[in-house]
Amino acid sequence: MKKIEAIIKPFKLEDVKTALKEGGFFGLTVAEVKGFGKQMGHTELYRGAEYQIDFVSKLMLTLVVDDDMRDKAIEIIVEAANTGKIGDGKIFVSSVEEVVRIRTGETGSQAL
Amino acid sequence: MKKIEAIIKPFKLEDVKTALKEGGFFGLTVAEVKGFGKQMGHTELYRGAEYQIDFVSKLMLTLVVDDDMRDKAIEIIVEAANTGKIGDGKIFVSSVEEVVRIRTGETGSQAL
Amino acid sequence: MKKIEAIIKPFKLEDVKTALKEGGFFGLTVAEVKGFGKQMGHTELYRGAEYQIDFVSKLMLTLVVDDDMRDKAIEIIVEAANTGKIGDGKIFVSSVEEVVRIRTGETGSQAL
Amino acid sequence: MNSLNRNKMKSFTFFIGVVLAPTSLLAGELGASELSTGNTAWILTSTALVLFMTLPGLALFYGGLVGTKNVLSVLMQCFSITAVISVLWLIGLYSMAFSEGTAFVGGLSKAMLNGVTLDSLSGDIPESVFFMFQMTFAIITPALIVGAFAERMKFNAMLLFSILWAIFVYAPICHWVWGGGWLQQMGLLDFAGGTVVHVTAGIAALVTALVMGKRSGFPNVARPPHNLTMTVTGAGMLWVGWFGFNGGSALGANGTAGMAMLVTHISASGGVISWSLMEVKKYGKPSVLGAVTGMVAGLGTITPASGFVGPGGALLIGLIAGVVCFYATNYIKNVLHIDDSLDVFPVHGVGGIIGTLMAGIFCSPALGVFSGFGFAQGIDSISSQVYVQAVGVLATGTYTGVATFAILKVVALITPLRVSEDEETEGLDISQHEERGYYL
Amino acid sequence: MNSLNRNKMKSFTFFIGVVLAPTSLLAGELGASELSTGNTAWILTSTALVLFMTLPGLALFYGGLVGTKNVLSVLMQCFSITAVISVLWLIGLYSMAFSEGTAFVGGLSKAMLNGVTLDSLSGDIPESVFFMFQMTFAIITPALIVGAFAERMKFNAMLLFSILWAIFVYAPICHWVWGGGWLQQMGLLDFAGGTVVHVTAGIAALVTALVMGKRSGFPNVARPPHNLTMTVTGAGMLWVGWFGFNGGSALGANGTAGMAMLVTHISASGGVISWSLMEVKKYGKPSVLGAVTGMVAGLGTITPASGFVGPGGALLIGLIAGVVCFYATNYIKNVLHIDDSLDVFPVHGVGGIIGTLMAGIFCSPALGVFSGFGFAQGIDSISSQVYVQAVGVLATGTYTGVATFAILKVVALITPLRVSEDEETEGLDISQHEERGYYL
Amino acid sequence: MNSLNRNKMKSFTFFIGVVLAPTSLLAGELGASELSTGNTAWILTSTALVLFMTLPGLALFYGGLVGTKNVLSVLMQCFSITAVISVLWLIGLYSMAFSEGTAFVGGLSKAMLNGVTLDSLSGDIPESVFFMFQMTFAIITPALIVGAFAERMKFNAMLLFSILWAIFVYAPICHWVWGGGWLQQMGLLDFAGGTVVHVTAGIAALVTALVMGKRSGFPNVARPPHNLTMTVTGAGMLWVGWFGFNGGSALGANGTAGMAMLVTHISASGGVISWSLMEVKKYGKPSVLGAVTGMVAGLGTITPASGFVGPGGALLIGLIAGVVCFYATNYIKNVLHIDDSLDVFPVHGVGGIIGTLMAGIFCSPALGVFSGFGFAQGIDSISSQVYVQAVGVLATGTYTGVATFAILKVVALITPLRVSEDEETEGLDISQHEERGYYL
């Protein structure tokens, strides 16, 4: 099984979730993160103290899928999260050895 | 070494932490996440705008363990986090190549 | 490619980010987490209810790098995040199969 | 309304000059130098209460309802409006509203408070106090409109709009109703601002929402309030502050002030109850946002009626307000799909309209337990009074609608009204003010 | 109600019983129609201050102490209670408390404020103002009880309970102590609600906590307040609002009001200091939650005594309140393991009890620097006065305990008192109101 | 202090110097026993308003500006100072400030309010009310200093410092200016505390910041306010509360109170506008933190002038305050690199200084639209008045600087002033109070 970690712009969450749902993916975990990359942050100003905020709000999606669903998932995310502007984010894919469903103790693909 | 990522219900954290501690696991990292899965979310209502919240609050636990402790850790988590109801969460297991303890620079099992 | 996950003390973020930047690393994702480990937490007191807080605020940095940059990244982080006191945190390294840049669809090293 | 009661209304200034009340005139001329410390104490207090309604009351009420990335922009709008309108009030708006002039607008004889000394009285309170009390109304009215264009208006456009609106809408209408203008002469009953404050703000909100267009994603994207505790905090402050708004409009610490406060409170309670019941009926559960919205509906609706109706009437008014404003909110949002972001029109506008009309009914002294304290002078039936009330609503509403539209078009010539789409996505706090609400 | 009885409100005990001021009596009888604008101004203001204590004061104080998933439910409870009790106060509670009746309860002659006009006076303030001022007490008392059953009571059960409690507990006891009832006749000194407000709320809290049972996980699971800044904000509002609560209970702007405010403030300060010192002694560090809890203890405890004791007595009362309530809180929670969620009984109940008793001591004019301003009429020693005070505490406490228990049992016949375990886990905000406090 | 001198408190300057009203003097002497309920009502209210400025106003204003790990420590400091100074005020500070004594400090004849009864008057209000009103000033002044040492001072050192400072700085200087002391005799115009409150707090802040040293990381590490919504909430409360601060300083509900409130409001508005314009000029965008800081600058600066200047003067004062304090803040922070954490000196200190000086200009009755209401008695030109004002500023500033330094050195002998570096990193909430602000 594969773990897909996607960093996306926060306001794209609904689109991505909906697209994944339509694509048949019914499990997803989302964390709020801050990203640092090519996308510029912004300045903030507090009583004469002005400074550069390098970090930008992002969401990190974690999605574990069967091996054969990997490419489809990536495709869906790329399409739904894309705005064409810097800062759209990345997808990282890695291997998962085992999955367990806590409720039932099922393992492997059944646990997804 | 193995990385165990467990998504659990928030109010189960204390139980899981205690069980892990008793099981001899003394390191753990916890992130607040939102999960989307079989468990139904709920509706929210704001002045005539009613909508469905699909995401449910969860915690993601990250736990890196020696290879031979993997199964024990999984077992402990499954047992402590289980309520038998939908939404109890998943455990994902993957391989970790290297671990470093920042304080000392130690690596491998010693760093855990 | 490698994924480097580093758990550090929150007030070290600026130092680590600056060091990474100087070291030529231009991408980084940060999540707020709570850590449980050797570092003691603290007690809190609320109207006669006193209890032990085991969790300590930490940041989890995620950084995906080319294989040959792995050691440099680790070195930089260890150096910048180190205070010599318990609780400085860990670095976990694992393999990443694929990286995709959402904006362009580029994959592999180019996507970093 | 007899001459005794007549003194109990808002703008004594006006009564001296215009209403031809010989007894009060004499009092005004001969005994006007008799300052009442008790009445002054209460209006000083009321002034503080009404400012408190805007800062921080309304700012928090609105601020909690927007997204976390726009919260400061709302607070900033309320603060800036307060500062700028206050200075304008001194420079000329007070004079335009309350000095002698035509039936449509006052003159500039009191610009910069010309001629006002420590000893100048307005009725039996210092004129400085009357000036301040009225100023707090001139502040909150444009601040109410903020709710309509929240989360998308440019800061400089907002400020320019508010300034022009205060000059060309608020000041004249205030003169019509309270400053001796034609509606006052006609016998319009508007104790504390059903037309002057709520109809004008509500209609302006509707026009602004239509001209500005919807926030991106409306109505499909869920926009939950980012901090309902902030909204409820503001709501509590509004409730308390409204005691000064309506109770202070008696311009004295007397039975009218007490009764105005009482009916205000009862109507607010009625609004909470009926809005909550509507939610239970429609969705099965009452929400705290519903409760506080019903409260505002009850408060806005009783405002014009507060010095004229009794407790029984107030209870009915509050209950009706909750139901009508509930339906209005749903209709505007879900049927017409107008993005009046924080529902200013369906709550304040609709509340102001029905409240002004109901003031004409429940002021009648012949309704048994629902009786009020009498019609305007020269009016002796519910139908005549309601007719005057309807004229007041129509006139103020129409004028406000047209003038607001014109002002928006003028402002748009000078600066775009809306931020860019990217700025809207990033949030107004960063894009307009380079600040963030929270670093928790 | 004749003009003599009209004076029998609230501080009548004091004026008649203590000051023996025949002139004020005469004024009451002959010149009662003379409205005092100064006194009216202060009671209008006090009314606003006491409402402010509940909304948003107490709502925030309590709201900050619960978990983030229950914060709105607490705010909603405070808002709903305010709305519903206000309407009931108009319909009949005011009459039950303050109109002529038996020694145990008033009649219904003033239901819907029957017969009350703009000119009706109560003493030298409009009756509408007296009605409103007293209403704010009737609101805050059931709102205080919310702290006992927070985080687990069903909304509809809560509402039904509060309604019945206001009818069967608050209104009669208010009549006993302030409406001319038997305890007032006996000479009970309760200036602003040691028995009427704090003993009743505290005992009801204890009974409710016992009947409802513990929150799941209590006392093992840590339940830190979700937002102490909110609690401290509410605490500040309570302190300020209490100036109206106790200062307003003089029903005039005079030396008694000033002194009541002064001793209130000093006692609050004493409570802050002694609770903080207890924490330093026991835990090594003072906490801000401890400080504000000590403040509430000091305020609750001085409440019955506030018109009767001097500054020295107030300082002692505050210091004692902090220590006793500190121990009481620890004892209830850590020894008896009673889950009175927000410690209503050990702070308000215990404070109300010891405050009522100490009022009987420190009212004595013969205690040197700790002297007060005299006993009730016909009483001439500390021991006689303390006896009356003890009777007051016992009577109100016992009656409240029994009646509260009975009411809970009746409510339980109609609807379960508690939410289900799943709902408790999910939080009351979502399960009862379909809302979330924060989307930060 | 004879009965004439007793009137010489606070507003005496005004009564004697400006109004030259022998009748009011006579009234003071002969009829001083006539309590005015209206004036009493307003000062009771003002007392509540000024306490509200500290709790929760200032606490929130400051609390929002610090990091999330230090927010409770700031709230705790404000609460503790309130409690402790209140008790000290009763024990002896009030007497030191306002009882008869030398030109430099009062005596102890009123310690524990010795001799003060329910009927004691101060002018035409109860002495208990005067005591309370003045107490709220004694509370807020040390609370203002908290901003200078926020995020690094030990709690016990903070408390000890505040106590000694209140005794050795506040009480004497209050006596100099308002208690019949030498500056009052000289004709210093300080209506509501330009020197007594703002210069003293500002200078003490500067000294404390220098002695304590910088927070770790200053000025390189960004320290954004953790919750600007909290700060803006506090700002709104400060604005409203300041109506009691300045308006109440008239010690009555009259034209002076009304005008003081009016000029206070206009100056605050001017400060908001000019600070915002400076930001637009320098950074291109106005911020809400800038707006509220300008507001505080406008309010602090008008404070000494508020009973003496007219609306036109107030507008200028506010506009100037915003500009000058803006530059001062930048200079202190970015050029001198002094870590006065929350900018107490550049806003309050600088505002107090220029306000006291400008009071001497704009009180002149001969400035056309910028005229005020006259010089102090015996003074007849701007230059003479400004000279006196300058003496007042220099004397209070110098004494405060020296005494504050000495007090800090004494405290440092007893306990370290700062927390350890680890404690600073962990935050004061956990390290000093074992609490956390938020569990959201």
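Order as written gives the chain letters A, B, C, D, E and F; numbering starts at 1 within each chain.
We adopt the following convention: contacts are C-beta pairs under 8 Å (C-beta built on N, C-alpha and C of every residue); 3 or more make two chains touch, one makes a residue touch a chain.
Nothing here was measured: the structure is a model prediction, and the numbers come from that model.
K.L.:
Could you tell me which chains are in contact with chain A and with chain C alike?
P.N.:
B, F
K.L.:
Tally the contacting C-beta pairs at the A-D interface and at the B-D interface, and name the larger one.
P.N.:
B-D
K.L.:
Between chain E and chain F, two touching copies, which fits better, same or different residues at the interface, with half of the numbers shared as the threshold?
P.N.:
Because under half of the interface numbers appear in both copies, chain F and chain E meet with different residues.
K.L.:
Nearest whole angstrom, what separates the Cα centre of chain B from the Cα centre of chain C?
P.N.:
Centres of chain B and chain C (C-alpha means) sit 18 Å apart.
K.L.:
How many Å are there between the centre of chain A and the centre of chain F, using C-alpha atoms for each centre?
P.N.:
It comes to 52 Å between the two C-alpha centres.
K.L.:
If you average the Cα atoms of chain B and of chain E to get two centres, how far apart are those centres in Å?
P.N.:
One centre to the other, that is 47 Å.
K.L.:
At which residue positions does chain C touch at least two other chains?
P.N.:
Residues 31-32, 44-46, 50, 94-95 of chain C each touch two or more of the other chains.
K.L.:
At least two partner chains per residue is the criterion; list those residues in chain D.
P.N.:
Each of 36-39, 41-42, 45, 224-225, 227, 233, 253, 283, 285, 287, 289, 434-436, 438, 440 in chain D touches at least two other chains.
K.L.:
If we use the touch criterion from the header, which chain pairs count as touching?
P.N.:
Chains touch in the following pairs: A-B, A-C, A-D, A-F, B-C, B-D, B-E, C-E, C-F, D-E, D-F, E-F.
K.L.:
Can you list the residues on chain B that touch chain D in the complex?
P.N.:
Against chain D, chain B makes touches at 44-51, 53.
K.L.:
Can you name the residues of chain A that touch chain C in the complex?
P.N.:
Counting only chain A, the residues touching chain C are 2, 5-8, 31-38, 54-55, 58, 60, 74, 77-78, 81-95.
K.L.:
Given the complex with chain C, which residues does chain F contribute to the contact?
P.N.:
Within the complex, chain F contacts chain C at residues 221, 425-426, 430, 434-436.
K.L.:
In the complex, go through chain F and note every residue touching chain D.
P.N.:
36-39, 41-42, 45, 49, 67-68, 224-229, 232-233, 235-237, 239-240, 243-244, 247, 252-259, 261-262, 265-266, 268-270, 272-273, 276, 283, 285-289, 291-292, 295, 310-312, 315, 369, 373, 438, 440
K.L.:
Spell out the residues on chain E that touch chain D in their complex, using ranges where they run on.
P.N.:
35-42, 44-45, 47-48, 51-52, 54-57, 59-60, 63, 71-72, 75-76, 79-80, 82-84, 86-87, 90, 112-114, 117-120, 125-129, 131-132, 135, 155, 227, 230, 233, 253, 432-440
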